[in-house]
Amino acid sequence: MKYGYYPGCSLERNAAAYDISTRAVARTLGFELDELDDWNCCGATEYIAINKLAAYSLIGRNLALAQQQFHANGNGHLAADGRAQLIAPCSACFLNLRKADRYLQEDAKLRDTTNEALAAGGLHYDPGTVFVRHLLEMIVNDVGYDEVKRHVTKPLNGLRVASYYGCLLVRPRLGGELSDAEYPTELESLTKTLGAEVVDFPLKTHCCGGHMTQISAEVAYELIRRLLQNATEYRADVIVTICPMCQLNLDAYQTRVNQHFGTNFNLPILYFTQLMGLAFGLEPKTLGFGKEIVSAENALIKIQRSPESAAAPAPSRPRKKKEEGLPMPRMPEDEEVTA
Amino acid sequence: MSETFEPVIIGFTCNWCSYRAADLAGTARVKYAPNVRLIRMMCSGRLDPTFVMKALSGGADGVLITGCHPGECHYIEQNYKALRRFILLKRTLTQMGIEPGRIKLVWASAAEGVKLAEEISKMVEEVRALGPLNWNGHDQTFEVFETSKVSELEAA
Amino acid sequence: MEEITVSIPDTVKPKLRFLEEVSAATPGVSRLEMCIQCGTCGGSCPSGADMDHTPRALFAMIRAGMRDDVLQSNAPWYCVSCYYCMVRCPQEVHVTDLMYTLKRMAIREGYTDHEAAPDFSQTFIGYVEQYGRSFELGLATRFHLAHSPLRKVGIGTLALDMFARDRLSFVPTRIKGMDGLHAILEKAKAITRDAELTGGTQLL
Amino acid sequence: MSDELNLENAEERIGVYICHCGTNIAGTVDVAEVREWAEKRLKSRGVVLARDYKFMCSSLGQELIEKDITENRLTRVVVAACSPHLHENTFRTACKRAGLNPYLCELVSIREQVSWVHTDKHAATDKAKAVLSGGVERVRHHQPLEPLRVPIHPATLVVGGGIAGIQTALEIADAGRRVYLVEREPSIGGHMSQFDKTFPTLDCSACILTPKMVSAGMHPNITLMTWSEVTKVDGYVGNFAVTIKQKARCVKTDLCTGCGICQEKCPKKVIDEVYEAGLGYRKAVYTPFPQAVPKFPVIDKPNCTYFQKGTCKACEKFCPTNAIDFNQQDELITVEVGNIVLATGYDLFDARRIPHYGYGRLANVFTSLEFERLTNAAGPTNGNIVLRDGKTTPKVVGIVHCVGSRDRNYNNYCSAICCMQSLKFAHLVKERTGATVYNFYIDMRTAAKAYDEFYQRVLEEGTLFVRGRVAEVTDAARLPGEEGKLIIQVEDTLAGKQRRIPVDMVVLSAGLQSRHDSKEVAKLFGISCSADAWFIEKHPKLDPVSTMTDGVFIAGCCTGPKDIPNSVSQGAAAAARVLTYIDRGEITLEPVRASINEMKCSGCRICNNLCPFNAILFHADRMVSEVNAALCQGCGTCVAACPAGAISGTGFSNEQIMSQIEGLLLLNLNGAREKELAYA
């Protein structure tokens, strides 16, 4: 399998661990990531606040390049419906690209003027030709849990993982996202497949503060604190993320949040691809470990400390089953077969 | 020519949904292009492909077929039959060299007066863009089609 | 309660009503006119408590034609783009997209000189327009020098931690097709300027 | 028939009438021009006179037509006025009074489809001419028809034993007619039997429902069939043959005394998802509740230890009258009825679909139906309002309105009863626990007799109202005082502020939804469903208990959310309609029917499978098909499909439609009159 790849600015540097681990995992799972040539910034959540058309043109350039590079000469990037597939691991990039494609389809005026601007750079984009996908969604749906499980050589037994999705992958619903906008379960299923213990994390799709760390730090600190507190209350060892912005805010600002609120949170924030790599038996160094500000040392020790205890199955989440009292409503996951 | 060309479209409507939608559009004073003339049938399933041929050969530039939404047919499922006939008919017409855009199937419930009006205006513009239908170029095919039907009628 | 005197713009000005203007400037279909004032957006907003007006209240004010009050509001600048409002809205109003529209209008009409957020956005896109990619170090320093020099120390230690882990670079990456990108963005801005002059709200 | 083919020579005398409808038509259509045009251009088509008149539907307008029919010997009439759905019958009756067969009248719409929807006077006038000419061409092929008459079987089938169905059955039975009352569950009673109190009077639900259930159970004219489902419906209005599956109760009803010992002794406890809404337990042999009608229990085979493992039989051992019979089989019973009333009720919206409200995840989030059981003295807590632990009384309760209603992500409509139900809950919580109660609402909808007064009363009792749709319910504490509580996050829209309100218990006023299987049920009975899968009325305002299928009526929540008084009224209304039919003894039907010319039928049987009403029979001996006129509903699909052109439809024949097409195309829109001239 071969996919177009749009790393985005974060993965170049501050989220290099994400990029490194993604490429490592891709090698193990046997899919190829073909980087988009000379891609530019997606504009994050900033450009659209200044100039709509320039923002769409900025994103449009990437889509037009992807159409040129992957759609025109196909070669293995095409989805069943003929669209060229472009994988974005960063949630903000994913949403910007996906949303632009969608609104350019819906809004003829916007499409025409965007193309007018693109023409100034010798480019053209036909909305609907590029299928923008997030890395997690692609791994879950194209590769599949079974295939992932097949590559697990060092299950993450005993590691309590809080799955954190943040916002922009699951919302807004523009088609093709994860199972739910508020309580998705894909990341949990994936970490369970890796042998880790899934921690209930009610705030899993709440906001990390986004750019508020820059603009109005106190607003952001409060948002970060809620997440760290909730994950700590549920005794998580690590928080696993799918987005560079979430990772940055929770990781780099953890100390400042502790200073601000007098707390002592100490939760390493890792990319899901890093956990996958560990479970595949890859060396932590080749997965970008060490780049996190809040050290993941303890988590690593915890996994290695119980090395070949793979025989002992990870304890399943305790159901709030009471002998007395009134019965709880039946939930879909009650019937769920443990992986 | 194209500036002054006003297409004539014959519309076949179902008594229970789209004809009522047209009534509703009226009651609500929704405005739409005056180019469509409607025929009331009990059900879109009544649509005999010959009717479409007759309309197109008789001077209409397009034919609109409307029925209840799938699953909402007053006669349970006859609109699905209309759908199948429509697909077949469209293929036949295309083979005869008639633009597929000249016939259109629209689902409109009795509550969708606005939708019907919009679809009508949209179709009028689409057919206007296609220009007048020059049936004479195709009438031989139709002759064959119609004579078989007529001969049967005469046999009665 | 403060008395609000509201003129009725559609009789005073023959131009678009404010509501229609905001709706038209939003990409896709905004559904702004469908708001039933239920407050799901304001209730769901992670920074709702910090806003002077909740999104719902803004929508009511937009309906009332209270242009000044709306464009002066800090609410759009507190939006963190989490999209909770948008997926929970029972009327499928594109709340987040509307916040972006209000930001653009506020900047264009000069309501935001005192705000930090628009400046952050400006600084951010400044780098993008220069290099084609974002540049975190430059962004952080330039922005914080301008807005909160006192906090620089704190940010400084953070930056050091990031450098130590090779997560910040000293030089931005410049894309190869910078000339093309530049031409594209200039063209886009030119179209926008034309629209401003001719009142082509949909393009703004 | 030969007359029909020889059109040009037929000596038809057609009268054309064009209505001004005040200025409704005349304001946009040049009525005089249309009249003149018809007089002149349509003369060759048989039009002998054309008139325009201010209001054709007035008695004077009708008299004008009647007079012309007698004095000018009109043989056909075309009225260009409003939609045929409004006044077709008016003008047909006028023709009939003047001795003309009413089916020789054609009404064409130049109001709804011309004057009201177009603004260009010229184009509208031209279109009116075209539409009129289409009507003239069509009316030439009309045939004199007689309405069909069908006898009505005096028995009635009522499906659904909730309050609407019970009411229907009682009304019909009291009038001395036989009723078969079919209910899927082991007892009648429906949702109402689950409630404790009814708003706004706070009557005890059981106290007012039980007597009705008992009357229905004992009524000599009601055959009660619980634990049963309709599997097949044959026939047509007046003469339905309905097959009902009576599921095996495994209890001999002639021996059972309803003593309840079997339930007591049964060792298998099951969560009761239906009657207790999942909040309580029942046994594998059970009656859903003590006042059940009939009193006989059923054995729930999938949960019975004997049926699953082959041993146990405790119920059999202890039954004092030997009424348990494990060998009972499902039975198919066919009944003949003239009419059917569907009163199949509603399902509760599944609150798990809104994960951020926490139902199913957070123990102390309850649905409205669960809460009804909590407050019910016969419920799992004996009417004590307690948390999921079964013992703690809440100190603060939040009631959330509009859960799954008025929301484009779930159900778009207002569920009608939730505001009042929530007020009732607020009152009960206050009365029984003294707890602080919050109601979270978008709009208060209390529009019925004594409803708003009840709202006033609950306000007076001190219930706190927050105008705002709840954003989320969470157990993730953020502020001091929130630990261990459920926090309701909401924008108080009247205060314009976001609020977080810690509570002990959350009640979700979940909306009403159509039954999960309502589409299949609709198909079974040949009626239609809306997009939300509610059954569709014949007319939403003027005929709310009839359906488009003659002889099938609907009542209660199966047509949309409604409260008890409305359900009862509809039940009674449906009964009245049925009794009218029965009393009349026969029904007249529109003669819009298909018929097959046997001489032309090739016996190919293509039409046989097309008919959704099984109205087409095949006579293997003669190798021809035949349409049963009473079963035929007149859709015309078979007419369109017959390759031999052997099927024709009265009122919608090929000739009628083909001629109408010609008539409609008489005039072109772009001013080209060649066609018209060529024709004239």
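Odds and ends about this structure:
Going in written order, the chains are labelled A, B, C and D, and every chain counts its residues from 1.
To be clear about the criterion, contacts are C-beta pairs under 8 Å (C-beta built on N, C-alpha and C of every residue); 3 or more make two chains touch, one makes a residue touch a chain.
Just so you know, these numbers come straight off a predicted model, no measurement behind them.
Two chain pairs are in question, A-C and C-D; the one with more C-beta pairs in contact is A-C.
Measuring from the averaged C-alpha position of subunit C to that of subunit D gives a distance of 48 Å.
Spacing of subunit A relative to subunit B, judged by their CA centroids, is 50 angstrom.
Distance between chain centres (mean CA atoms), subunit A to subunit C: 24 Å. Counting partners per residue, subunit B has no residue that reaches two or more other chains. Among the residues of subunit A, those in touch with two or more other chains are 182.
Counting only residues that touch two or more partner chains, subunit D has 356.
Contact topology of the protein chains: irregular, matching none of line, ring, star or complete.
Of all possible chain pairs, those that touch are A-C, A-D, B-D, C-D. Across the complex, subunit A is touched by residues 25, 27-29, 46-47, 50, 76-78, 80-84, 86-87, 94, 96, 100-101, 103-104, 107, 116-118, 120-122, 124-125, 128, 132-134, 136, 139-140, 143-144, 151, 154, 158, 161-162, 165-169, 173, 175-177, 180-181, 183-189, 191-192, 202-204 of subunit C. Within the complex formed with subunit D, the subunit C residues making contact are 36-45, 48-49, 53-54, 56-57, 84, 87-88, 90-92. Those residues of subunit B that touch subunit D in the shared complex are 4-8, 10, 16, 19-20, 22-23, 25-27, 29-32, 34-35, 37-43, 45-51, 54-55, 58-60, 68-69, 71-78, 81, 85, 109, 117, 149, 152-156. Every residue of subunit D that touches subunit C in the complex is listed here, in rising order: 356, 402, 406-409, 442, 467-472, 489-493, 496-498. Interface of subunit A with subunit C (complex): residues 9, 12-16, 38-41, 43-54, 56-58, 60-61, 102-103, 106-107, 109-110, 113-114, 116-123, 167-168, 171-173, 181-182, 206-207, 209-212, 214-217, 219, 223, 252-253, 256, 290-293.
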